[in-house]
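In what comes next, chain A is part of two complexes: it sits with chain B in the first one and with chain C in the second one.
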Partner chain A sequence: MKMALLIARKEFTEMLRDGRFRGAGAIVFTLLAGALLLGWQSHREVSAQHRSAQEATRAQWLKQGKKNPHSAAHYGVYAFKPQVPLTLVDPGTDPYTGVAVWLEAHKQNEFKYRPAQDATAVQRFGELTGATVLQLLVPLLVILLTFNAFSGERELGTLRQLYSLGVAGSELASGKALGVAAALGVWLAPAAILGSVAIVAASGQSEVVASGPRVAWMALSYLLYFGAFTGISLAVSAWAPSSRAALMILLGFWMGNGLVAPRVASDLAKSWRPSPSAFAFGQQMQTALAKGSDGHDPGARAKALEAELLRKYKVDRVELLPVNLLGVRLQDSENHGNEVFDQSYAALWENFAEQNRVHQVVAWAAPGLAMRSISMGFAGTDFAQHTHFAKAAEDYRRMIQRTMNDELTYRATSTGGPYLAGEELWNRVAPFTYTAPAAGWVAERQAPSLGVVGLWFVAGVVTAGWSARRMRVV
Partner chain B sequence: MKYEWRNLSADRTPLTITLLLGLALVYGGWNGWQWVSFQRATIAAALGEERERLAAVRTEIPKVEAGERKVSAFTDPRLPQALGRGPGARYVVMPPSALGALAVGQSDLYPYYFKVTTGSKQTFLNSDEIENPVHLLAGRFDLAFVLLYLFPLVILACSYNLISAEKEGGTLALALSQPIALPVLTMGKLLPRVGLVMVLAVLLPVVLVGLGGGGGAEVRLLLWVAVTVAYGSFWFALAVAVNAWGRSSPTNAMALAGLWLLFVVVIPAVLNVGVKAAYPVPSRVELIQATRVAGDAATRQGAQLLARYLEDHPEMAPAEKGGAPDFGTVQVAVSEATERAVQPVLDRFDAQVAGQQRMVDRFRFLSPAIVAQSAFNDLAGASADRYQHFLAQADEYHRQWRGYFVPRILKKVMLSAADIDELPTFRYREEELSEVAGRLGLALVGLSLPTLLVGFLGWRWLGRYPIAGA
Partner chain C sequence: MLIASGLSKSYAGKVALHPLDLRIDPGEIFCLLGANGAGKTTTINLFLNFIAPSAGSATIGGLDVTREPLASKRLLAYIPEQVMLYKNLTGVENLEYFTSLAGGTHTAGELAGFLDEAGLARADAGKRVGEYSKGMRQKVGIAIAIAKGARALLLDEPTSGLDPKASNEFSALLQKLSGSGAAILMATHDLFRAKETGTRVGIMKHGHLMATYATSELGRSDLERIYLEHMHD
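Showing the complex of A and B:
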C-alpha cells in the first residue's frame, strides 16, 4: 500500500507538471464551470417565469367571475412544469418535453411547447451542460491521462526497472489509478464545490433538503463511472501492443460509448418498439371516447344512466330527481373519458418505457447510456419524472372536474335559469401543488442503470489489476 | 499511386475502417428512409381521415335539410361556424422532400401537418409528433450524422500517418531519393484514400435518392455531393497539414483527434451556449399567459368587439337587422381579437429565435461541421427555414379558410352539400431552389476557404519537412 501511495504521488506530481494535462484540465474545468454557471442562470430565469405563471393561472381561476361550473371547467387552469434545481447540472429531456399542460374539461391534453423548438439546429450537436462535460469530456481526459500508463513505461524501458525493484503489478496499477484520481480531483473538486453552491443558491429551503440525497447519488455514480473509465484505460494500456494502439482502442471506445451508442440505441428502440404517430394516437383515443367503454353509442349510455338514476331515487320522471341530471351525465362522461385516457396514456408511456429498456440493454455494452439515464434521473429531468408530473397534473384536473360536476349535480337542482357559481366555489379547488419524488423513488427506477455502472466499475478495477499483474514487461 | 493503391489493399486497417463506414452509411440511410416512410404514412392517414370526414358531412347535410336528423346549433353541418371549426377542417401538410431520407435534421422537432380551423392559430399550430424525448435528445443515426461525425474520423484514421509512417518505417528517405518531390508523393498517397472514402460517402445518398425516384431533385443531389466532398476535403487537408508539421504518428493522431473534438463537439456546443446567452428565448409559459389574458379580455368584450368588427367590415353584416348576435359570430370576433393581441408576444419569440439563427449563420464558419450540418439540413428539407416556409403557407391558407367562412358566418348563410367541394384546398409549394442556393453557395465557400487555407499551409510545411531525424 505504501508503495502504491508513493507511485500515486509520483504520478500526481508528474501530471501536474505536464503542460498538456494542465491545458486539457483547464479547458475541461472552464467548460464545466461555464456550463454550470449558465445552467444556474437559465434555471433561475425559467423557474421564476414558471412560478409567476403558476400564480397567474391561479389568480385567473379565482377571478374568473360568476359562471356556470361547467364553463369554469372548460376554462380550466394550466399546470406549468416546475424546474428542479438540479436541472442546472443536467437538463436531460427537459428541452424536448413540453413545459405546460392545459387542464380543461373532457380532455387530458398533451404538454405543449418544447423549448428545443425555440433553438437553432446547432443544439442538435449536443448542449454544453454539466452533464455533457461529465459524461463526455471527463472520460476523455481520463483516457488521455492513462492510455500510456503502462505502455509508456514499457516503451521507455522503465517498467522493467520498476519490476526489478520488486514492485507488484497490482501496486503499480492502484498507484497509477490513485494518481489519476488525485490529478482529476484537482480540477473536479472545485467544480463540484461550485456546482453545489449553485444548486444551493438555486434551491428553496425545502428543495435543499430534497436535493441532498439526489446530489449524493449523482456524485457517487459519476465517481464510479470515472473509476470504470480509469480501470479500463489502465487495462487497455497494459494489454495493448503499443501506446498508439492503446490510444486508438480507447478513443474508439470513447466514440462508440458517448456519441454513437445513444443514437444507435434510439434507432434500434424505434424500430423494435415503434411508437404511434401523434395522429394515430389521437384518432384511436377519439374512437374510444366516441364509442364508450361498453361498446354502446353514447345515446344508449345516457339512457341507461337516466334509468339507473330514476331507479335509485325511486321517481318516475327526470324532473322529480333530487339531483341535476346534467351534472351526473357530465361526470359520467368524465369517468368514461378517464378510463380511455388511462388506457391510452398508459399504453403510450409503457411503449416509451419499453424503448428505454432497449437503451438499457445497449447500455451493457456502452455504460455511457446508463450514466446518462442515472444523471437525468437524479437531476429529475428524465421521462419517468415527466410522467410523474403529468399524472399529478391529470389528477388535479380530475379533481377540478369532480368538484365542478358535483356542484352542478347537488346544488344546481332548481330549474329556474342557468346556475351560476362564484369565487366561493373556485376557492374550494385547492391550488395545485406538486412534490417531486424522493431520491429513493429514482434509485429504484434507476437500479438497472446503477447496476451497469457499478458492474463496469468492478470490471474496470478487476481487469486493471489483473492485466497489470500479467502484462508483458518488455 | 498505383503502388499506394496496392499497399492500401494489402493493409487491413484502412479497409476495415472503410467497410465500417460503408455499413454505417447504409444503416444511416435505412433509418432516414424509415423516418420518411413514417411521415408519408401519417400524412396519408390524415388525408384519408379528411376525405372520409368530408364525405360523411356531404351525405349528412341532405339528411339534416330533409329533417331526417336532428342536430344542435353546435353540430349542424350547414352552419359555417360549426363546419369550419371541426367537421369541415382540412389538413395542410408538408411532405418530406426528395432528399428527406438523407437527414432527419430538425424535422423530428417540428410538425409537418396542421388541421386548419376557423379558430385562432394558437389552437391548431401544435400538432407535435409523438416522440420519446430521449430520442430527440440523442438525435438520430442518419446519413447526415455518419457524414458529420464518422466520415471525418475515417478520413483521419486513413491519413493521420500518411507521411509520418513512411518516415518511421525508413522508407521516406528511400522514396525521395527517386526523382519525386515530397508534395507529389503526398498527393500520390493521398488520392487513392480520398477516392475510396469519397466515392463511398457519395454513392449511397445518390442510390437512396434514386430509389426514392427523386425527380427534379438532381440539382439538390449534386449540391449534396458537393457539400460532402468539400467537407471531406477539409479533413484531408487538415490531415496533410498535421502530417507536414513533421511530428510522430502518435502525436499526429492525438492532434487530429483533438481537432476533430474541437470542430465537431466543442465549438458547436460553445456556440449553442453563446447564442442562447446572447438571445435568450423566454419560456413559452409567457405566451400561454398572454394568450389567456387576451382571450379573457376578448371574451368579456365579445359583443362590443363584434360591433367594432362589423363597423370595419360593413360588407359582412348580416342581411336582416336586429336580433342578438349568436355564439358563432361573436366567436369570430373574439378569436381574431385574441390573435391580434398575442401577435406582439409571438413576434418577440420569433425575433429572439431569428437573432439566434443570425448569430449561428455568422459564426458557423468557425467549424466546418456546423456549415455542413446546416447545408445538409437545407438540402434534405429538414431545416427550420423550410418549416418557416411551410408555416407561412399554413398561415396564408388559414386566412383563406377564414376568408371563406367568416363572411358566411356573419351573413348566416346555410351551406349545402355542394359547398363542401368548394372549400379552399391547400397545396404545399416547395422552397424554390434559388432560396436555398444562396445559403448553400455561402456554405460551399465556407467549406472551401478553410480547406484551401489549410491545404496551402500544409503545402508550405511540406517544403521544409524534416525527411530524416527526429
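Showing the complex of A and C:
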C-alpha cells in the first residue's frame, strides 16, 4: 500500500503540473459549476412558482363561492409535483413528463408544463445539466487522464525503470487509480461543495435532511461509475499496443456508452414495445369511456342504474328515492371512468416499463444507461417517480369527486331548486400534499441499474489489476 | 554477484541467446560487446526478469531472478540507453520517487548529496527533467543506483549518444561504484569505453558469448582487432 501511495502522490503531482490537465479540469469544473448554478436557479424559481401556484389554486378552490358540488368538481384544482432538491443536479424526465396536472371531474388529465415541448430540437440536445457533465464529461476527463497511464510509461521507458525497482503491476495500477482519483478530486470536490451549498440554499431544513440518503446514494453511484471508467481505462492502457490505440479504443467506448447506446436502447425499446401516440391513447380511452355514462346524459347505463335504485329502495318514482339520482349517476360515471383510466394507464405504464427493461438490458454493455437511470432515480425525476406522483394526484382527484358526489347524493335530496354548497364543503377537501418516496424505495427500483454500475466497477478494478500484472514490459 | 548458468532464450524456435555461463564478481565491470541483435540486451532483460528464460537461471546475490523477483531487484540498479524520467518532476523529485519505490527513505540533503556524487550540478537538480540533456538524465540514473546502494548494476548502452566529456564522467562514476564493491554488467558498442572502463570484456555474436578477455591483458588496439575478427562470419 505504501508503494501505491507513493505512486499516487507522484501521479497527482505530475497531473497538477500538466497544463492539459489543468485546462481540461477547469473546463469540466466550469461546466459542472455552471450547470449546478443554473439548476439551482431553475429549481428555486420552479419551486417558488409551484408553491405560489399551489397556494393560489387552493385559495381559488376555497373562495369559489356557492355553487353546485358537481360544478365545483368541474372547476377543479391543480396539483404540482414537489421538486426533490437533487432535481438541480438531474432534471431527468420532468421536462418531458411535466410537473403539474389539472384535476377535474370525469378526466385523468395529462400532465402540463413540459419545458421540452417548448424547446427546439437543438436546445433539447444541448441542454447542460449537472448530470450531463457527470455522466459524459467527467468520464471523458478520466479517459484523458488515464489512457496513457501504462502505455505512456512503456513508450517513455519509465516502465522498465519502475519494474527494475521491483514495483508490482497491481501496485502500479492501484497507485495510478488513486492518483487519478486525487486529481479528479481537485476539480470535483469544489463542485460537490458548490452543489451541496446549492441544495441547502434551494431547500428547507426538512428537505435537506430528507434528501440526505438520496444524496449519499447518488454520490456513491457516481463514484463507482467514475471508478469503473478509471479501471477500464487503466486496463486498456495496460494491454493496448500504444497510447494512440488506447485512446482510440477508450474514445470509442465513451462514444458508444454515452452517445450511441442511449439512442440504440431507445430505438430498440420503441420497436420492441411501441408506445401509442398521445392522440391514439386519448382516442382509445374515449372509446372505452363511451361504453359507460358521463353522468349527465340519460343513456342505457343511467336507466339501468335508476331501475336498480328504485328496486333497492322499493319505490316506484325517482322523487321518492332517499338519495339524489344525479349524485349516484355521477359517481357511477366516475367509477366507470376510474376503471378505464386504471386499465389504460396501467397498460401504458407497463408498456413504458417494458421499454425500460430494454434499457436495463442494453445497460449491461453500456453502464452510462444504468448511471443515467440511477441519477434520475435519486434526483426524483425518473418515470417511476412520475407515476408515483401521478397516482397520488389521481387518488386526490378521485377523493374530490367522491366528496362532491356524496354531497350531491346524500344532501341534495330535499331541495326543490338547484343544490348549492359552500365553503364548508370546499374546506372538507384537504389541501393536496405529496411526499416523494424514500431513498430505499428508489434503491429497490434501481437495483438492476445499481447492480450494473457495481459490476462494472468490480470488473474495472479486477481487469485493471489483472492487465497490469500481465502487462508486457518490453 | 551476477551469475548466469546455462541461461538461454528462444522466441518461437528462434534462439536469441544460446546457453550462457557467466559470473561477474563484486568490483568487476564486465562489458558485453557485439553487434545489434547479438543477445546483449536479451541477457540484461533476463537478469531483470523482464522476460522469462527458456532454460537455465540468472541469479543476483544468490537469488534466482525468476523465483525471487522482488528480492533480487532490491539488489540491483538498471540504467538503460536513455534513462527516462518524469519530465514534469525535477531531478531531485525523480530521484526521491525512484529511491522511495526501492524502499529507501532519504532526507533532502541526502538526495542532493547523491546527485552531487553523480555529478549533477545543484542548480540543475531543482529543474524539471523536461529541460535535461541525456547526460544529465544518465547522472540521475547513476544517483538512483548510488542512493539505492545497489550491489549489482545492469547497464544497456548507457554512454550511447553522450559527448566524450559526459561519457568520460560517466565512466569515472562507474569505476567509483565498482570500487565500492558493485558488480557491473554493461552492454555497449563503445570499444574504447569498454577497454578503459571494464575489467573484462565479452564478445557476443548471434546469441553466443564467443570469448571473454581481461582488459588488463589487452593492448590499446587489440580489442578492436579481436572484435572485428569475431565479427567476420
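Everything below uses one rule, namely that the second predicted complex is superposed on the first by the 460 of 474 C-alpha atoms of A that agree within 3 Å, B and C clash if a C-alpha of one lies under 4 Å from a C-alpha of the other, contacts with A are read in each partner's own complex, and residues count from 1 in each chain.
One rule holds in what follows: a residue touches a chain if its C-beta (ideal position, glycine included) is under 8 Å from a C-beta of that chain, and two chains touch if they have at least 3 such contacts.
Owing to the predicted nature of the structure, the values given are computational and were not obtained by experimental measurement.
Overlay on chain A: chain B and chain C fit together in the combined arrangement. By the touch criterion defined above, A:224 lies against neither chain B nor chain C after alignment on the C-alpha atoms of chain A. Of the two partners, chain B and chain C, it is B that touches more residues of chain A. By the document's definition of touching, neither partner reaches A:188: not chain B, not chain C. Residue contacts after overlaying the shared chain place A:73 against neither chain B nor chain C. Residue contacts after overlaying the shared chain place A:157 against chain C, while chain B stays out of touching range. In the superposition on chain A, A:14 makes contact with chain C only, not with chain B. By the touch criterion defined above, A:165 lies against chain C but remains apart from chain B after alignment on the C-alpha atoms of chain A.
Of the two partner chains placed around the shared chain by superposition, chain B is the only one that A:264 touches, whereas chain C remains out of contact. Here's the short version: in the overlay, chain B gets within 15 Å of chain C at its closest Cα pair. Interface residues of chain A facing chain B in the complex, by the touch rule stated above, are 31, 34-35, 38, 42, 45-46, 49-50, 53, 56-57, 60, 64, 78, 80, 92-93, 95-100, 110, 112-128, 132, 136, 140, 243-244, 247-248, 251, 255, 259-260, 262-267, 269-271, 275-281, 283, 348, 352, 355-356, 359, 382-383, 386. The touching residues of chain B, when paired with chain A in their complex, are 27, 31, 34, 38, 41-42, 45-46, 49, 105-106, 109-110, 113, 126-141, 145, 149-150, 153, 249-250, 253-254, 257, 261, 264-266, 268-273, 275-277, 280-289, 292-293, 296, 349, 352-353, 356-357, 360, 364, 369-370, 373-374, 377, 383-384.
Interface residues of chain A facing chain C in the complex, by the touch rule stated above, are 3, 6-7, 10, 13-14, 17-18, 156-158, 160-168, 473-474.
Per the touch definition, chain C reaches chain A in the complex via residues 45, 48, 50-51, 69-70, 73-74, 76-78, 80, 82-86, 88-89, 93, 97-98, 100-102, 128, 154.
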